[in-house]
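Read the structure below first, then the notes.
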Amino acid sequence: MRGLRTTALAVLAAALLGAVLLAATGANPLVAFESIVVGAFGPDGLPDTLAYAVPVAGMATALAIPLRAGLVNLGGEGQLVLGAISAVAVGLQVPGVLGIVAALLAGVLAGALYAAFAAVCETALGVPLLVSTLLLSYPAVSLAAYLVRFPMRDPGSSLPQSEQLPPDVHLPALADTGLTAGLFLVLAAVVVYAVVDARTPAGFEARVTGWGPRFAQYAGIDRPRLTVRLLACSGGLAGLVGAVVVLGFPYRFIDGALITPQYTWIGLLAALLAAASPLGTLLAALFFAALTSGGFALERATQVPRELTAVLQAVLIIFLAAATGLLRGRKGAA
Amino acid sequence: MMDAALFASALGALTPILFAALAGALCQRAGVFNISLEGTMLVGCFAGVAGSWYGGSVWVGVLAAALAGTAYSLVLAVGTITFRGDAVVLGVAVNLLAVGLTSFLVQTVFGTRGTFSDPALAGLDPLTVPGLSEVPFLGEVLSGHSALVYLSWLAVPVLAVFLGRHPWGLRLRGVGERPEAAASLGVPVDRYRYGAILAAGALCGLAGAQLALGNVTLFSENMTAGRGWIAVVAVLLGRALPYGVLAAAVLFGLAEAAGFRLQGLGLPQQATDAAPYVVTLVALFVFSARRTVKRST
Amino acid sequence: MLANDHVDLTVAAGEIHALMGENGAGKSTLMSILYGLLRPDAGTIELAGREVSFDSPARAIAAGVGMVQQGFALFDSMSVVDNVVYGAEPTRRGLLDRRAATAAVRELIERHELRLRPGDRAGDLPVGSRQQVEILKLLYRQARVLVLDEPTAVLTPAEADRLFVVLRELAADGRTVLLVTHKLHEVTAVGEAVTVLRDGRVTMTAPTRGLDQGRLAAAMTGREVDLDRVYPPGRPGAEALTVRNLTVRRGDRRVLDDVSLTVRAGEIVGVAGVAGNGQTELVAAIAGLLPADGTVRLGERDVHALGVRERRAAGLAHVPEDRGEVGAAPTARLADNLAVGFHRRPPLLRRGLLRPEAVRDHAERIVTRFGVRAPGVSAPMRTLSGGNQQKAILGRELAQEAPVLVVEQPTRGVDIGAVVGIHTELVAYRDAGHAILLVSAELSEVLGLSDRVLVMYEGRVVAEFAKDEADAEAIGLAMAGVTAP
Amino acid sequence: NSPDEGGSSGTGDGNGPSLVLVTPNPVGVNDFLKLAVEGIEKAAEDSGGTQKVYQSTDPASIQQNVVAAVRDEPDVIVAVGFNFADVVAQQAEQHPEQQFLFVDSCTEKTYPNVTCAVFREYEGVFLAGAEAGLLTKSNKVGAIVALDTPQFRRYSTPFGEGAKQVKPAASLSPLFIGGSNPFNDPGRAKQLTATLAAQGVDYVMGAASASGNLGVFEAAKERGIFAFGVDANQCPASPGQVVDNVIKRTNVVIADGVAAILDGEQGETRSYGVKEDGISLTGLQPEVESSQCVIADHPDVLEQVGKLRDDIVAGTISVDDPAQS
């Protein structure tokens, strides 16, 4: 209850500050807020929100998985991109419906292996995970950029993008919404994570490790093994998200298309804000997605400078982080 | 393969990264994982240019950059310390805010979109170090940088001495290592963390000043272009030790400069983009492998 | 909840005043209030006749109050010197004067005959030495009022005696010492007066001269406690734990040097020794937490090459010395702490899934059986008092019903009523046919419970005594490295 | 829907055509996109209609903005930038009533409701290269380009070819910015330019975006070499350092294209090069004297380059498009 109130208060405070900013630039704050809400949840906006929420929630969950054990995966971007490019590479080779499955699997596998490699860098080579995941991310992104410019480039265009996947390797679309069946794949991943986290010994051991590495070691949890497995799960899900994105419109890998929307960083934000709790992570991801598509709607409707939208979003996140901090702090002090 | 001028330009280019990385190291030692370096640096860039333009002197700009960085880092300080928000979440938001805010300010303050530059904008002049500038190769590499470049070099030993030998530095490290123990000895944990974050803000401001008034003389939206993130990597690589951070930044700067050179020899740009990271990772492997060998014998 | 309820406590200058009470009675809470770590809801503190109020430790320190908290507050990465002078550093030309600091610390170490080296890293020190660093911190600050929350819990009798000499000197110097302890003999040995807390209330304040220990125990627990219980000997059966030539190296030093020992089913083997002579490493190596040369057998099975999890699965339970970080997760719920080790088998696990009700029931069973006082099984572990955390951990490990239990400092920080309870449990566990390796700094505990006693000195087992031939004096000599030829 | 509502602007009486411009990136610093905004404003003014600008940040928002624009059912949707190919094709097929003007690229298939306007920048770059070739003393020219993609190689390869055309000994060294913000990193652009200068290059084509080029110009100034700008006249940014600019008249092209569509000329592909005056050099414009460009001091060079231009217009010289190789 108190959590709800504090959060609501934070949103309200941010909105107030936003209103002042908007008014200062001559826009009508009420119109602006209405367009944000309608843009995020209205009949036209909701599909946009969900379309953005799918990769964000997927990445948020992917990054939450190791975070539960106190392990931070900063390499989500590389895993996402490798998953996507692998999915396209396989999808272009394997024809028919089998291609969908093969492409998705390839995405999962690529992401999982790459993340597991980062984990091995820590467990076997002594490079801290934070560093190994982050550093490995860049070459992966560069590799994909190279592939779509040279060996895998779309011969029909001069753009850094792959060929389009054949129609039978497209994920089934959901009506006219711009959404694909990828929505269900990501949802399923979230549910599996929630169940594993709360109800299985493996999830329990991950949480134990998050509580304290020395306690985990004492309890017989093999930390290197756990690290590798959790990172593999994390990277696998990130790879799946990449695959899901490229198996949807425009059905190809475009260089930068997975980086500029900041799926990974917004996802990490959501996971951290929710302390990696499965449901909280999902909710935070949805919230950020709504904020983003609402922001675009605001710009379209009112031509408010986009800088202002970015400022509004940042202010809201700052207030929210402070509010959750207060909540956690209070719980800690109790 | 690399001439002196190139080394010199690499040194100048890594200065913003070095300043920001020192800032990050300071916070790290106080127990705050500061990833708002990028945004704070950007605010420093803007304030530096605005200060220099309206103050009429580049030093007004440098001062404005440091002050603006300090003031801006209050957001992170209040959020993480007073409100106990998550430092990473707040850091990301602070970065986001900086991009929006500075782009917005360019429009309102300078009345142009995106970029402000003017031939009359005063930038940092290169300093000729007497004596050193005559030394053949070294002189060309080490002399002729802006005052902030030399300040950043000076900042490394200063920070090392501060952390290792100044009472405040000792207390700061304790605060980072075990806050409740520090508190039980009467050391005001929150105040030290505020101090670290604000000082880091000033350093990031200087990083911005060097970038916008030293490396180039202009402001352009989002011109930090990921340097703050490289600084975060350098903090992690250098284990938040001043000299470690310096080594990481130099390694990075040289790998990048070498990458540019290799691009000229026909390596694809994507490979040279990745080069600094790969080089760093390999260096880490070698380093940690050597340590493991040493430990096992 | 009410941790302190209208406590009145008056201590004279130059007095050593003992504070006793059951686990969770509110002793640490009271001391934390004195030191400014917590603020009272009501009531006043007077220091030398003046009313004071500390809203932070800094104010308390400035007023001459110093405190050693229960558990440790050291910076592991820093040297002993840096730990001691932290927050009150000597300076020269604005910088830390390490030479002066080292000299001051060395002087204190020598004056009080402590076994510490100023340059050692705190994180590398054994628990006993860490406690000494904590005391050095107070001495260095020249506190007028010293608050010590269970300082002797981790010390050997000899070390405790040395501490008491220091405390007496300080008292003679006009300083006031408030000493929290669970050990009756310490109260009579150093205390001039004692106050007993129970459920946050003072139940007794008396001079220690001519104090009746039974009355003291009754004031603490509210019931009669049989303090002089004698346990019957065990009936050893087959070898349950066999250790051969176990060696642990740290740098060039052999911290555990070629140790061999055997524990049989139905037997308690005690390990005595001054802290820092390899006992902790012995336990960690047996548990699989520390890589070691040599062999370890559980029953017939050689587990030397196996990890912690496999050793536990092969029948090893383990109560570690450090309950704050190793034995428990302070921020996690009590129920989750107690589920560890049971989470991969029924009844907690059914059809591959953990059952929340079963986790709770399991925790409640342990809490009830071992008399753990806790706000509830869903409360975070760290809200339990120190002694109750210990009971909870011991309870969890006993409930494993493993053939071999390795237990280190089982009653450290546990109140006398509970000590008796834990001892009874351990003996009952032995009598049920389990093997126990008991490491304790408490000589009386080792003597009272063990069927055989091993003495460790500088990483080696230097003496072995059967139950009937073990006496405190001979063991004390062996602990100091003096063995009969 | 009154024209003032929601901040859209225009000079029409509310009955004129409605136009929506969708950009692939925030307009911000981007000279090319700024010209596009100018173009849509001019088109609205010319036709007495209204216009709105939807700025995207990434492929996902490009998609959403185009869909949102289609929902608004304006008379013409203008999309600028190569990133729109897939979305425009998809939406044009689904909404045959909706008219699109696609600038700077074209869909793979043709649609009756998609009018394309593409540029032949490489012709202008070739001419700039010729200027560099005539001026260079070291016979080394270079190019600083934001990204190594075929699209962007239109700014490097023809520059070298132009130089070779007039000075066979000339050679080209291109460098690409890359990094995490290739379109807005003046610092890196400057460092790369210094790298070229160290190799002896004395004339550099700057295709590092508007702000990146400022870095190129600064390095040029410090190293005593010369640079070329893009999209608009960048000479005033660094007088004495910028030789000339390859200008791309996006504004004119958009205004023309919209007018043509409104007139019923729909579904064609219009290509703008030197001949159509969609691409040009500042130096070949009448206002060259006041442009603050270095080339204004070299009438002899301008004369030769003017001849080359005429050859291209006449078709006697044809410049290869690197993006088609």
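The chains carry the letters A, B, C and D, assigned in the order they are written, with residues numbered from 1 in each.
Here is the rule we use: a residue touches a chain if its C-beta (ideal position, glycine included) is under 8 Å from a C-beta of that chain, and two chains touch if they have at least 3 such contacts.
Since the model is a prediction, treat every value here as computed from it, not as a measurement.
The interface carrying the most C-beta pairs in contact is the one between chains A-B.
Taking each chain's centre as the average of its CA atoms, subunit B and subunit C sit 46 Å apart.
Inter-chain spacing, taken between the CA centroids of subunit A and subunit D, is 34 Å.
The distance from the centre of subunit C to the centre of subunit D, each centre being the mean of the chain's C-alpha atoms, comes to 75 Å.
Contact of a single residue of subunit B with at least two other chains is seen at positions 103, 268, 270, 273. Annotation for subunit C: no residues touch two or more other chains. Residues of subunit D found to touch two or more other chains are 147-148. Every pair of chains that touch is listed here: A-B, A-C, A-D, B-C, B-D. Across the complex, subunit B is touched by residues 121, 125-128, 130-132, 134-136, 138-139, 141-143, 145-146, 149-150, 265, 268-269, 272-273, 305, 307-311, 313-315, 317-318, 321-326, 328-329 of subunit A.
Of all residues in subunit B, those touching subunit A in their complex are 75, 78-80, 83-86, 88-90, 92-94, 96-97, 99-101, 103-104, 107, 232-233, 236-237, 268, 270-271, 273-274, 277-278, 280-281, 284-285, 288-289, 291-292. Here subunit C touches subunit B in the complex through residues 35, 37, 56-62, 67, 69, 72-78, 82, 86-89, 91, 94-96, 98, 137, going by the rule given at the top. On the side of subunit B, the complex with subunit D involves touching residues 3, 5-6, 9-10, 13, 16, 103, 113-115, 117, 119, 211, 215-218, 220-223, 225-227, 229, 257, 260-261, 263-264, 268-270, 272-273.
Contact residues of subunit A toward subunit D in the complex are 27, 31, 44, 48, 51-52, 149, 153, 156-160, 164, 178, 249-250, 252, 254-257, 260-261, 293, 296-297, 299-304, 306.
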